[in-house]
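One structure, as structure tokens, below. Some questions next.
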Amino acid sequence: MSIREWTVLALVFFGTFFMLVAAFGLNRMPDLYTRMHGAAKSTTLGITAIMMAAALYFLNSAAVMRAILVIVFFFLTAPVATHVLARAAYFRRVPRWEGTTVDELLGRYDRASHVLESRQEGDISDG
Amino acid sequence: MTHHLVLPLIIPLVTGALVILAGRRRLAARAITFVGMTTDLVYALYLLWLVWNEGIQVSALGDWPLPFGIALTVDLLSATMLVLAALMGWVVLLFTFVTIDPERERFGFYALYQFLILGVSGAFLTGDLFNLYVWFEVMLISSFGLMTLGGERDQLEGGLKYVVINLVSSTFFLIAVGLLYGATGTLNMAHLATILAEAESTRLISALAMLFLLTFGIKAAIFPLFFWLPASYHTPPAAVTALFGGLLTKVGVYAMFRVFTLFFVEQPPYIHTLLLILAGLTMVVGVLGAIAQNNVRRILSFHIISQIGYMIMGLGLAGVLGLAGGIFYVIHHIIVKTSLLMIGGALEEISGTGDLKHMGGQLRERPWLAFLFLLAALSLAGIPPLSGFFSKLTLLSAALDQEQYAIAAVSLGVSVLTLFSMTKIWAEVFWKAAPLPAPSPAAEPAPAAVAPYWNLVAPAAILVTLSLLLGLGAGPALEFASAAATQLSVPAEYVQAVFGIQ
Amino acid sequence: MVRSFLLNIFLALVWTFLQGELQGSNFALGLVLGYLVIALSQQVLGASAYVRKVGQVMRFLLFAIWEIFTASLALAWLIMQPRLRLRPGIVAIPLDAETDMEIVAVSSLITLSPGTMSLDVSTDRRTLYVHTIDLGDPDAFRREIKEGLERQVLEVMR
Amino acid sequence: METVLAVVVGTLFAVGTYLILRRSLVKLLLGLLLMAHGANLLLFTLSGLRRGAPPLIGPDGGQETYADPLPQALILTALVIGFSLMAFTLVLAYRADQVVGTDDLQRLETTDR
Amino acid sequence: MSEALDVALVLLTVSMGLCIVRLWRGPSLPDRVVALDQIGIHVVALSAVYSIQVGELVFLDVAVVTGLLAFIATVAFARYLEQGQDI
Amino acid sequence: MLIIALFSAFLLALVTLPAYRWLGQRATWLLSAATAVLFGWFLWQAPAVSTGHVLSVTYPWIPRLNAAFALRLDGLSLLFALLVTGIGALIILYGGYYLGDDADLSRFQSYMFLFMGSMLGVVLADDLVTLFVFWELTSVSSYLLIGFRHEDEKARYGALKALLITGGGGLAMLAGLVMLGMAGGSFRIGELITQTALSTHPLYTAFVLLILLGAFTKSAQVPFHIWLPDAMTAPTPASGYLHSATMVKAGIYLLARLQPALGGTDLWHLVVGIVGLVTMLLAAYLAFGQNDLKALLAYTTISSLGWAVALIGIGSSLALKAAMVVIVAHSVYKAALFLLVGIVEHETGTRDLRQLGGLARVLPVTAVVAALVTMSMAGLPPLFGFLAKETLFETALTATPAVLPALWVAGAAFVMAIFAVAYSLLFYFGVFFGSDAPSFDEVHEPAWPMLLGPAILAALSVLLAFPPLRTASTELLAAAASQSYGDAVSVSLALWHGITTPLLMTIAAVASGVVLWAVRKPVRRWQAGAIARIRLDVLYDGSITLLNRLATGLTARFQTGTLSDYLLMILGAMIVLVSYAMITGSGTITVSTSLAGIPTFELLAAVLMILSAVAVAGTSTRLGAIAALGVVGFFMTLFFVIYSGPDLALTQLMVETLTVILLLLVFYFLPRVFEDRSTRLARFRDIAIAAGVGTLVTLLTLMVSPLEGGVVASQSEGLTVSEFFLQQSVPAAFGENVVNVILVDFRALDTLGEITVLVIAVLGAYALVKLRLSDDHDAEDGS
């Protein structure tokens, strides 16, 4: 096996590892919000690694372009997806883990109009 | 090689597309559809003439050698069905012009109508099993559209049942086609015929034959599979019911005729007995259903089922005479049923209801409609000298000839029951005195359809006349049906035609 | 800036044609080479926003990848603990970012960085609510985000 | 692997069947979708499963074996057709529910009585 | 190489299985949506690795499209969730 | 010529409507005259036909079934044709006045001509199919005539009853006729009656019984006679014409016609003879119990029909001669009687015996005419009816077959004769005399054309008993009887043979009849109870009710309205049919249980896919189910990827995503209820069905897959279909992606259809959403 193939393998396993991490995280974390942390970050990294592996393996423009496409796409979409989901979840009052310490968002949603208030001036203890 | 065989597909397709382009312009849509339909009819007649004189016509699309490409194959049965489809399309179109409401016209009614004709024609034309599936779907989706166009409560409710059961049937059709391809490696029907003729009857082939029986049985509405039909057929506008009642189930029947004569010959060995049993049950259950109803179009819908039994009986009897009887019956049934449904629809338009309780007095009000109904009803029940009698006679002769006394007895008994049920409509709608001030919700004068009475009657009159001619000219008609049946009973001819064109 | 960008595209195309084969890889290479040409020539032609911007974006991307890498590692570490040590909390962070693009960039990057995830932006777009896994002092956390991440983003964006 | 996939196909059909026999309109739709999946997978299973041999013929002529392209073409057609039908059915279900006001299939019986 | 990739494929499938566990367990709807999103991403990964294993570029296309569609589906779900339908 | 004669009647049916519109009452005369011309033409043929000459025409009709349009005029046909046209001419005239002020007169006359044509067709037909065609047409015209007063529910009831019984019997007969035709190798009556071997044919019993069923229902034999009394709701001219003089004789005609071919066996003698005798007796007895004049006449008609049937059952030359005589005699006097009852009803407004009486005073002419025909009915000399009865007695005493002892026949005939006398007296004296008669002072004689018919018929009843008409008629009767006997029959009729046993029997019968009439009150009172008890109508009504109940019950069972039930039945049928085919068929199912060589991750994926599929059914939330469905879709994609279907994978993803989004959109509007509403039992049943379907599909898949390596080579070029595609894709169709090439080139038609489906679906869905002709359930949802 050539160095390139070794690199490909390494990247694949690197990616796979993080995919696994995300999946474990999905199951180990206590509430939705903490679960989403793993989902957002680790899978993006995992995909990136695997796509890089593919690009390296084929090493032609078609593969590279596709890999870049996927990576960029994931970088752009993963946060957005997480964001819309988390927002929807909070809005629907998906329960937080009881160990959650601070919740400055609590009670700021107007459920009818979907308006979210800003943080009030008095709340800001530090600029 | 006759490339013009695609015309029955091209004409409705182009017409349908043009209608879509016409948008909400009703009159333009009418004109386009009428021209298209007429062209289609003329071509179908030409095709029938061609097949009659020159034998089975085959066209390999794209000139790909068969069995690799898709073959359009037209034998006498196909050509006959094409003519009937075009004719019914044409006649019902006339009826549509009188009865349909402008709103439906603006929402693509004619486009769906044309696509339905397209699907039906495709199913009759094609010589390729998967292609048959595709045309079935075209037909189904357009019928879905027509069935639910307007979105009235009954339409939606009935339409849902219709749609769901047909979707299940399509799924089974798809896997049956897939499995058959897996087993034989081909989709071309003629090719299948040659392969299966040599293959021994394994449980696989038998099971596949059963699957095809089921899928086509659902479309044809035979005994334990018919439920969608009475649930939905009475819900759309009268013109749609007339078109459906005449054509749709018959596509299923056609497919059964094709499949069980061409490549599932004697597959499984008990197929003919099974078909006869199903035919008998279909007749009985259908007619009993009709007897139980009190609504014109519901009665007629159940009769469709019952009549399908006779066609399947022809297939089950097999042999040239049995098949000829079945084909004759199909021809007769399409004509008569369409006319009956148009008359029934007209009656509902006039009375503002289809409920027998609230109808009456029409013999004095509309004697011509009464006359037509009587003829059509008698024809349906098998009273001579109308077409129904001779087709039943042929079937009866075939059954007695083959010593299938049970089915013969059933077919005769069902005739009496059919008569019983049709006279119920006659007695209630035409003979009974008109009910006192109509309690029907449509207390205001019924739709515009009432005024142009002649337009309403003329389409049905055309078909009833045809039924009468078919009865008086039963000899030639049966000769014709026998010719078609002979072609069916000799698959080699079909195969030869398909593979002989290279 | 637009002119520079078009110039870059043009150079890439020229390169592609010179190569004789209309392939994506050639074009990509052309883009890179063209960029280098423009970057070098800026010594002669004067500073170009384009060159700076591209550089910033590159840096930003690297930063982001780094963030996500560390974040994932941290998470992996966390997951592998026999007992989860979590102190989750939701913190409101006042935003300096103004345009939609800026807010999106900030909130996205927060999501991708270790231990934080943006939940929602207030309707008046002045506050970002962030969920964090390991929250000590909310105010310290606020400061950390504002001075680290947000500033970096805004530098790139403006 | 054919055996395994055959079991999968069977399961899809079994679950689909179970769902379409429920009284809920929603489950009915889900069941139909599952059955459609089953049918497609069945066709695919029959095509002779070959790994890594897509029916793409390279400029150099390519390999000796390819996956059977015809079933794939058939499935492709069936997929689109199935989707069209399902889309229509979904809209129909939506409208039916809107007009009739229930998704309990046992209460959709006026047209049969 | 191929054997090693097999291992990777298995691991990815196991990982996907874990996501399905979450999908099954819920408990809330957004949990399931997250799980579905994750499964989609796993399909991307699996397609990509498989594409390496058999050396066929076309499957990368599948990966691209899967990623795109998984995202669209997730956003659609989120929109739906936020409309406030209870379960 | 025969054809013209036949179709002129149908032509008249068509002409009637405009004729009445243009000519008014004059049309009646014209039509009657036209019918008389027809009668004249048949009469003109009489001399030749009587000598054995047979006119016949044949046109091929349905060669495939050996059926021809064949007509034949021989003695038997001529006799009936004369009755049909002769009585027809009189009744048309009568009817024109009877219904003179009825707006529907033209329609009535049209139906009458329709019937006339059909009846002529029956008696002239030389081909069983031709015969049957006209046979059913008589049933239809009878239906229309019985239901002529269609606003009356009783009329509709009677019409349907007649149609069902005669039509049903007719269909049974059709089966018999077809079998007969097959047994005899021809449908031509002329050929069949010359055959002798038919009675030994294995199907003999079957077709004889079936044909008899047709004949008996038509001719109102017990127990099928029940339709005839109810048929009396028809206007009286129609009753007299169809339900007495002609149509009900169609069955007798058929029996007489086929007697040479079918008769002569014990079966024939027994069944036809016994049924005839029973009918004759029972109906005579019942007639005596009636109050409605038409019902009374209806039962006497049935009795006479039974009489003729019994004679044909006996089947000797003498018996057939007697049958011909009674047919003529009965037609003549009974038609007249009906017309007279019509006059009575027309003038008094009632036909109830209890309200009538003493009409001889106000209707003297009618009374005289009635006296003559009633005497004929009673069988009194010197009228033609007497001759009929004499020949009956003669037959009963001399020429019965072994299975029908003479004593039975003679006894039955004698009893019948007693009743005949009694009911004749009852009828005549009840109507025209009687002390307790209410006053009918305003009643007057009808228009003379109405009396013309009965008068002519009454005259005939007399004149036929004397030369020269008697001698003329004997020739014709002989010709008819010999056609029916199959050999020459000599007929001589005389009023006076000397003191013979038949004469003594007649005298005894008349005496007993008078006595019976004298004690009518207690007898009839007793009968009223007895009649109520033996009404067979209960059977008919009961079976109609039963039929309706059965139909409703069965349909309610099948057409439950619940989609799940329908699907259950359909899937159940699938399981039964397919598994039966699998069990009974031959061939092996190879199941490779070895998992060797299958990559672990594929196995895992398969397991996960199964789990997600189950999850779709198992989750308690809608969204969860959709999500699980999405996962199933992802796995589909995955398998498409693994097994070399990249295009499939892409399309699958696209479709899947769109479907999921659509589902979400739609479900947003659907109610939230998701729990299973079925009972536990239903769930178990459904699981069983589901498992069955799943197992079958799996087995089918397994059975096919092993064949994969050995797909049968195609005929051309030794290539399989897919090999051809792979080979030709690049060189012939210039495409490297074979799947695409198949779609756009090799099988472009499929793709065309596919696109069409998509377009239609969009069109349909658009219309569905936009076009709303009905009000929505929830108005607020309609936005």
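Points to keep in mind about this one:
So that you can tell them apart, the chains are marked A, B, C, D, E and F in the order they are listed, and the count of residues begins at 1 in each.
Here is the rule we go by: contacts are C-beta pairs under 8 Å (C-beta built on N, C-alpha and C of every residue); 3 or more make two chains touch, one makes a residue touch a chain.
Because the structure is predicted, anything quoted here is derived from the model rather than measured.
Annotation of chain C and chain E: jointly contacted by A, touch as defined at the top. Fewest steps needed to get from chain A to chain F, stepping only to touching chains, is 2. Looking at which of B-D and D-F shares more C-beta pairs in contact, the answer is the pair D-F.
If each chain is reduced to the centroid of its CA atoms, chain B and chain F end up 25 Å from each other.
Spacing of chain A relative to chain C, judged by their CA centroids, is 15 angstrom. Averaged Cα coordinates give chain A a centre that lies 13 Å from the centre of chain E. If you average the Cα atoms of chain A and of chain B, the two centres end up 58 Å apart.
For chain D, residues touching at least two other chains, in rising order: 20, 25, 28, 38, 42, 46-47, 51-52, 54, 56, 70, 74, 77, 81-82, 84-86, 88, 92-93, 95, 99-100, 108, 110-112. Residues of chain E in contact with two or more other chains: 12, 14, 16, 29, 33, 35, 42, 51, 55-56, 58, 61, 77, 81.
Chain F has residues 559, 561, 563, 567, 571, 622, 640, 642, 644, 646, 667, 674, 697, 701, 704-705, 708, 721-722, 725, 747, 750, 753-754, 757, 760-761, 764, 768, 774, 777 in contact with two or more other chains. Chains touching one another form the pairs A-C, A-E, B-D, B-F, D-E, D-F, E-F.
Residues 23-26, 28, 64-65, 68-69, 71-72, 75-76, 78-79, 84, 86-92, 94, 104, 107-112, 114-115, 117-124, 126-127, 129, 131, 133, 135, 138-139, 142-143 of chain C are the ones that touch chain A when the two sit in their complex.
On the side of chain A, the complex with chain E involves touching residues 1, 5, 8-9, 12-13, 15-16, 19-20, 22-24, 26-27, 32, 35-36, 39, 43, 46-47, 50-51, 53-54, 57-58, 60, 62-63, 66-67, 69-70, 73-74, 77, 80-81, 84-89, 91-92, 94-95, 111, 114.
On the side of chain B, the complex with chain F involves touching residues 9, 13, 20, 61-62, 64-70, 101, 103-104, 107-108, 111-112, 115, 118, 122, 126, 130-131, 134-135, 137-138, 141-142, 144-145, 148-153, 160-161, 164-165, 168, 172, 175, 179, 182-187, 191, 194-195, 200-211, 213-214, 218, 224-225, 227-228, 230-231, 268, 270, 274, 285, 288-293, 302, 321, 324, 363, 378, 382-385, 389-390, 393-394, 396-397, 400-401, 408-409, 412-413, 415-417, 419-420, 423, 427, 430-433, 474-475, 478-479, 482, 499, 502. In the complex of the two chains, the chain F residues touching chain E come out as 599-601, 604-605, 608, 611-612, 615, 618-619, 621-624, 627-628, 630-631, 634, 637-638, 640-642, 644, 646, 649-650, 653-654, 656-657, 660-661, 664, 667-668, 672, 674. Every residue of chain E that touches chain A in the complex is listed here, in rising order: 1, 4-5, 8, 11-12, 14-16, 18-19, 21-22, 28-31, 33-35, 37-38, 41-42, 44-45, 48-49, 51-52, 55, 57, 60-61, 63-64, 67-68, 71, 74-75, 77-79, 81-82, 84.
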